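What follows is a pair of complexes built around chain A, which joins chain B in one and chain C in the other.
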Partner chain A sequence: MSGNEGNPLPAMTGRTAGRWLRSDSGQGWLTISPPFVYALLLLAGPILVIIANSFWSQDYLTIDHTFTLKNYREALTEPIYRDLLFRSLFVSVIVSIVTVVLAYPVAWFVSFHGGKYKGIWLFVITVPFWSGYLLRILSWKVILGYNGVLNTGLQYLSIISEPLSSLLYNVNAVIITLAHSWAAFAILPLFVSLEKVDRTLLEAASDLGDGPIRGFLRVTLPLTMPGIIAALMIVMIPTVGDYVTPKLVGGKDGVMIANAIQVQFGKAANWPLGAALAVSTMVIVGMVAGAMVLLLLGLKRLVK
Partner chain B sequence: MAEMIEINQVEKHYGAFRALGPVSAGIAEGEFFSLLGPSGCGKTTLLRLIGGFDEPTVGSISIAGMDMSGKPANMRPTNMVFQSYAIFPHLNVSENVAYGLKRLRLGREEERRRVDQALSQVELSGLGPRMGNQLSGGQRQRVALARALVMRPKVLLLDEPLSALDKKLREQMQVELRHLQRQIGITFVLVTHDQYEALAMSDRIAVMFGGEISQIATPKDIYQSPLSRQVADFLGGMNFLTAGNIATAGEQFSADIPGIGKVTGKLAAGTDTSTAPVIGIRPERLRIVWEGESADPVISGKVADRHYFGEVTNLAVEIEGQEKRLSVVETNDFGADDIPIGSPVRLTYDKDAFVYMPN
Partner chain C sequence: MRGSSIRKGVVTAYVALYVAILYFPVLLLPVFSVNDSATPKLPLTGFTLKWYSGLASNETMHSAAWNSLLVGVSAALLSTILGICAARAITRHQFTGKGVASGLIMAPLILPEIIIAISLLVVLLSVGIELSLLTVILGHLLICVPYSVTVLVSGFEGFDPSMEEASRDLGETTWGTLRRVTLPMLAPSIISSLLVTFTISLDEFILAFFLSGTEPTLPVYIWGQLRFAAKLPNVLALGSVMIAASLVMLTVAEIVRRRAEARTAAKTE
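Then we have the complex of A and B:
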């Protein structure tokens, strides 16, 4: 019974409790209780702490626990935070779209033409992810840098005469690096949803007069919409909060909201303001994600 | 009637394995043509070649006088009812039926009129807004049929369309499909492994074994005059008899059959007499001679086993000189279902009931 603290057990006598534990729902609660407790302590707990913090205020070295909305006022009206949040959303939406657009053909190829090598293809796709996250970001620095691989390559091909300085330390660099970092996470849900498409449906589309492209747009694409939405969300939601990539390749133009939050929790030592920024970001990302899902589902209904 | 489909020396290889052929056949315009055979005989492969889902390795297929080589399914005047029905789950019934019409840009009114007409043809009027994944097996089958028919194809291809339905619905759909085909008059090519389905629906049947066509004939000819032991065995029951002195003369054959005597019969047109033959008789062509009846000729035997099938009873009768028991199918009107196992029984047959087949 030790793993059962999270259960909303109604007050009951020993005997009825025993009977309840043997019932289907009792067994169900018992089975999920360890991860349920884990999730409660490690996911819900910190979020509650953050939310509580966001309604308090920093009083030099101590925290004033009286309820206040001044952090939210600052988070939502201060132009710097508004700009950063706006840029973060822009970057995450662009990154997720770019990632999914690039990942879809890869997933499609593996699913439709991978044959018996599907497993090997998926394995190969995950290989870059065996190295650390930081290493992958730093290797993009090597590729995009002033004397980097891309610049020397382009110079060697005489496409440019002087190295481009516009490749690194800006928003584009952040987008390129993030899109690469999240590629595998987009490929996998897309692959799963493509695998579920009944190939006979594509034959039926062909039988009814569609060429390969029309068949793809009218059958494969709408049927893989759940995978597309999953991939978009998996990429978009974490990228809003990424602060390592903008810090390493973003320069001063690539700063995102998470960097500001990090500063509030670190150097600026204003946890309540940081918490209010975090909560505002969470809510706004949730709304943007929801809007994107509704938009895609609406598009799907238009396909006939 | 003009030939709608001409299959000319077609073969399909998968690597070194020859899955089909060589086969040649002509299917007439407006004909209900069935490809019948056990699983793995190549019937579905042939249908897919006609539909353009695969290309023949050797040979060619022409439809309505046009060579179809290199033309994929979307360029052919054929439509297919798939075995799994392949109903688009993200579209409703009307959208499924209208799927192929969209490309024709008929205009909203005409498109709707044709969808409604197709749905009423398969008796699904009013089911238009139902989603594709909310249909019963029978409804899915009808939607698949309407979706193909609405395209007004020159040839409708049906890949075991009734195999997923229960027996009652299957029999009802056999009648409806046959009726529909007569009404609209387009060529149907049906793939089935169910001999009764093929017999009940087709104008002609091609029986296939091991990637080749064994016989093409009308249902009656296939059943009554099978040109090989394999065909006879696949369609209905057949008692293959131990026989000696099998001889042919002109269109006649004769044989000495232990326990039965000397029998004669007519050779079916096209019978190959160059290989070793076998003589057989269908179970329903043997009849019981009841007490007080007289008959000639008569076979005497003993009932070894009995199986009750409702309208008929299947008796296994031992007769002297025959290794295998004779299977006899008798209606239950006179009490065949009550004959005790082990009791003696007399059988008779019509003179033309014996069949000569290359073994």
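Then we have the complex of A and C:
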């Protein structure tokens, strides 16, 4: 400090820093810094490390830090990884569409006809989402199994004579289970966007001769497009990396990319390849999500 | 007019069916947890509590439950503290980069958990931190904070910032204002945040699976038990207890939140 006495600059910056800290901007940053620094250190930092890892290579027990694209070559061209990636994307896109299509009428009902019980409706619908993630998936295994509830129930009622073996351990079981798991979560963004729909616009549409279906298609649906997009994303992006559902109900034919990623970080101990698989998945699901958003916005324009 | 009431009837029936299907798998577990058969199938064979009594003497399960409790309480407390900071900054301050900062904090809501899990795992192992309950807490904090922030933002929006100004103008210190004005006003949101984040931590599997080392939490313990078909009824019993506990906590959180909302609504009228 003493060496800088003749120099006004440090004192100036010190004073500006002090003033900045007292300003709204400074106070804001100061207040948000504990959770922000935490997320920076334990989320953003580690994700950057994973990205870096994907450009390195495993050399027996150590990691070779020279830049290489060979993990990506393997992740994107090996048939097994390509199949898993493709299947994961397929599952997540189907699950997100099914979830949103099935949830939309429910969100619409709560928003337009929920009256003063809207909050209770939302609570009742979202509660299953908060409890028993692992147990709900287990429950689907119990329902769909060869000697499971559905088969034994149908046999008991003499609807079928032999248990159906096609219920469990395939992609359909994964889709059913995931769609059920995420149903409640999709309701929230849909409900929020439905709440924002100006009800007088619907009256105007009906006064101008639009029937309820046309009114819905031309007013409600386009206005709730942001909610639909949010709901699709909030389901699609997390489900692409689901690990437990394919493991418990997917069987051999329902394995997804997360299972392959886990193997690379566990038994196979090839972090760089696992990292490349993880990064590829995220980039590709991001691109698919972007394409879906553009498609929906195009559709919205068409409807108008 | 008739058409619209028929339409409403159809939608109501659909919503009822939707909610029924939503709850069906959740309610199935308790049913089979008291069924006197080692495999869950129809028809039911008879009522028993033996699967529950099997839990009472299970030492490994008890230590897993203790681990879950420890992780859940720590994650709930710490995430609520971090959530207060974030929610306060979001609702009370305008600053450049607010979107980026809150976006990063909320990102775990939408990221696949496996991505968060492997990233943390690699960094922790690289810097030589051994996996333990502490590392599970670190991971759970990431996914709990966004929920705390959501609950607490509505808490901050529910009370007038001028109350804090008044307290400062009347001579309270920053700390005094926090203790005597801000925290009491926020209390319902804080309780709600604690209960919701505890439930999320109790329920969380992926992060715990990757980060727990040799001390399992309850979901990790259940995962291990799934290999043994004979243990399934015990797992169903344990699962029923956990779901019941979650439901109670979430319901209490909701009641606390609604009461506070009603109170502030009444005041502003």
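Everything below uses one rule, namely that the second predicted complex is superposed on the first by the 279 of 304 C-alpha atoms of A that agree within 3 Å, B and C clash if a C-alpha of one lies under 4 Å from a C-alpha of the other, contacts with A are read in each partner's own complex, and residues count from 1 in each chain.
By definition in this document, a contact is a pair of C-beta atoms (placed from the backbone, for glycine too) under 8 Å apart; a residue touches a chain by one contact, two chains touch by 3 or more.
Owing to the predicted nature of the structure, the values given are computational and were not obtained by experimental measurement.
K.L.:
Going by the touch definition up top, name the partner, chain B or chain C, that contacts more of chain A.
P.N.:
Partner with more touched residues of chain A: C.
K.L.:
Quick one: classify A:237 as touching chain B (first), chain C (second), both or neither.
P.N.:
So A:237 only meets chain C here.
K.L.:
Per the contact definition in the header, classify A:44: touching chain B only (first), chain C only (second), both, or neither.
P.N.:
In the superposed model, A:44 contacts chain C only, not chain B.
K.L.:
Between chain B and chain C, whom does A:252 touch in the aligned arrangement: first, second, both, or neither?
P.N.:
neither
K.L.:
Is A:198 contacted by the first partner chain B, the second partner chain C, both or neither?
P.N.:
A:198 sits against chain B, while chain C stays out of touch.
K.L.:
Applying the touch criterion given at the start, work out whether A:300 contacts chain B, chain C, both or neither, answering first, second, both or neither.
P.N.:
After superposition on chain A, A:300 lies in contact with chain B alone.
K.L.:
Just checking: does A:106 make contact with chain B only, chain C only, both, or neither of them? Give me first, second, both or neither.
P.N.:
second
K.L.:
Give one of first, second, both or neither to describe whether A:207 is in contact with chain B, with chain C, with both, or with none.
P.N.:
first
K.L.:
In their complex, what parts of chain A are in touch with chain C?
P.N.:
That would be residues 24-29, 31-36, 38-40, 42-47, 49-50, 53, 102, 105-106, 108-110, 113, 119, 123-125, 127-128, 130-136, 138-140, 142-143, 147-149, 151-153, 156, 180, 183-184, 212, 233-234, 237-244, 248, 258, 261-262, 265, 271, 274-275, 278, 281-282 of chain A.
K.L.:
Any idea which chain B residues touch chain A in the complex?
P.N.:
Residues in contact with chain A: 51-53, 72-74, 78-80, 82, 84, 86, 88-91, 95, 98-100, 102-104, 147-148, 151.
K.L.:
In their shared complex, at which residues does chain A touch chain B?
P.N.:
Interface residues on chain A, with respect to chain B: 198, 200-201, 203-211, 214, 218-219, 222-223, 300, 303-304.
K.L.:
Per the contact definition, I'd like the list of chain C residues that touch chain A in the complex.
P.N.:
Chain C residues touching chain A: 3-4, 7-8, 11-12, 14-15, 18-19, 21-23, 25-26, 28-29, 32, 39-43, 81-83, 85-86, 88-90, 92-98, 101-102, 104-105, 107-116, 118-123, 126, 138, 141-142, 145, 149, 196, 199-200, 203-206, 210, 219, 222-223, 226, 235, 239, 242-243, 246-247, 250, 254, 258.
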